[in-house]
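Each of the next two complexes has chain A plus one other chain: chain B in the first, chain C in the second.
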Partner chain A sequence: MNSVYVSKKTYKKGDIIAIEGENTTDCYVLLSGWVGIFKNKIKVDDFNIPGTVFGEISFLLDKRRTAHIIALAESEVMSFRGDVEDIIRNYPNIAKKILVSLADKLRKTTENFVLVIDEDIQQALEGSEQ
Partner chain B sequence: MKIYKKGEVIAREGEFDETCFILMNGRIGIYKDNKLISEIYERGSIFGELSSILDQPRTSTIVALQDSQVIVIEKGIDELIKKHPDVTKKLMISLAQRLVNTTNQLIDKIEQK
Partner chain C sequence: MISNSVPSDATRSLKKTFNRGAIIAREGDESKEIFILISGRIAVYKKLLKVAEIVEQGAVFGEISLLLGGKRNNSLIAAEDNTEVFILNTTLDNIVKDQQLCKKLIYDLANRLVRTTETLAMLDMEL
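After this line comes the complex of A and B, so read on.
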């Protein structure tokens, strides 16, 4: 059975699309506009490329929102919810977008993490030289 | 299904191919600049998926640390989605979990500064 629900909505600049800690599991695809991801008031990511997937963490892991999602400009957003395997079977293009988005974010986050760790190591080395 | 002998290279850093792999049994090592950065030994683990999904050259070398049985998905991610929706779901969940963990580590580090 196909149990996937799809809808479309336009958010104004500053509108909150999802709140950290909230128990919603929709996954979103940006159709137009600009969206930011905020965690503890730190902007961890933002995107303006149509087709970008976001909010997929809650959707996939069935857990509360791990970040705020805010429209940074007027944005048109498609949202969907439902069984993950149904989405993979019925919407292979969306499934691929989700995978690409996750892999790309993981690569970016890992690179940033390595940069921060490298800074720490550098500082520790400089400290030990003095 | 393919068997890689201990020491055999499964994929090489810098190479360009779409293949991703699922470990059935054995032990796999991920090397970057000749340093072992990760070991995979859990049955059903997916590896080599980042290059496959992102369509980029390999960022690390994958070597069999023991004789290992591996499912090779040659046409990469499109084939995986089409033929193995259950494995695709597992892959999505594993990537999402890794993203959560790495993001939390990054946030912790930034907040410490």
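After this line comes the complex of A and C, so read on.
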């Protein structure tokens, strides 16, 4: 049985796709346009490459949105919700995109984590020398 | 659980035992295998910094190189004697064909991303 709900929507520049704190669990794929992720009014990420997956953490882990998602230009976005197993079975290309997107974000976050730790160690070493 | 995670077709898998300190994969290598922990512990190092430890039986790790291409960005080292690991030689297409493995990988990655992001946010606040 296919219990995946898929829809497509066009957002105008400035339209809100998802609101921080909201309890929605749609996952999105950018078809065209430009989308930004905002936390406390600060842009933390943006993308314009068709096929980019976003909003997948709320979808997978049933978590409230951790940031605003806003169209920065007219953007066509595919959204889907449903069971992960059904997505893997019926939409393997979306499953692949989710895997690659998560891996990419994890790699970037881990790199930032290492940079912050390195700075921390550096500061501690400098402190101990004084 | 573990046997469900190990794909039988189109994926070559091999079980290997490592002693403490043995290198399972090296940072900078071009290898694309992914690993499933059967028993023991794995330490994840970036240069000389330990960035994570894998202890959960059945955990999938080392998959970033396969998913994104490129060189390994961490070293994986056995953290205790008799650490048993399944080594899978597979492709993204084959992962998606294996419902259980694909689902496990998606959730493992999502949970790790949330944990790393939260830790990073805490460190940022402390600095």
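Here are a few things to note about the model shown:
Just so it is clear, the second predicted complex is superposed on the first by the 127 of 130 C-alpha atoms of A that agree within 3 Å, B and C clash if a C-alpha of one lies under 4 Å from a C-alpha of the other, contacts with A are read in each partner's own complex, and residues count from 1 in each chain.
Methods note: a residue touches a chain if its C-beta (ideal position, glycine included) is under 8 Å from a C-beta of that chain, and two chains touch if they have at least 3 such contacts.
Model, not experiment: these values are computed from the prediction.
Upon superposition of the two complexes on chain A, a steric clash is found between chain B and chain C. When the shared chain is aligned, chain B and chain C each come close enough to touch A:E85. Applying the stated contact rule after C-alpha superposition, one finds that A:L61 touches each of chain B and chain C. When the two structures are aligned on the shared chain, A:D118 is found in touch with chain C, with no touch to chain B. When the two structures are aligned on the shared chain, A:I98 is found in touch with chain B and with chain C.
Of the two partner chains placed by superposition, A:V4 touches none, neither chain B nor chain C. In the superposed pair of complexes, A:A73 makes contact with neither chain B nor chain C.
In the superposition on chain A, A:I19 makes contact with neither chain B nor chain C. Chain A residues in contact with chain B (one complex) as well as with chain C (other complex) are 56-57, 60-61, 84-85, 88-89, 92, 95-96, 98-100, 102-107, 109-110, 112-113, 116-117, 120. Considering their complex, residues 46-47, 49, 51, 63-64, 67-68, 73-74, 92-93, 95-97, 99, 102-103, 105-107, 109-114, 116-117, 119-120, 123-124, 127 of chain C touch chain A. Per the touch definition, chain B reaches chain A in the complex via residues 49-50, 53-54, 77-78, 81-82, 85-86, 88-89, 91-93, 95-100, 102-103, 105-107, 109-111. Contacts from chain A toward chain C in the complex involve residues 56-57, 60-61, 63, 84-85, 88-89, 92, 95-96, 98-100, 102-107, 109-114, 116-121.
Partner chain B is touched in their complex by these residues of chain A: 39-40, 42, 44, 56-57, 60-61, 66, 84-85, 88-89, 92, 95-96, 98-100, 102-107, 109-110, 112-113, 116-117, 120.
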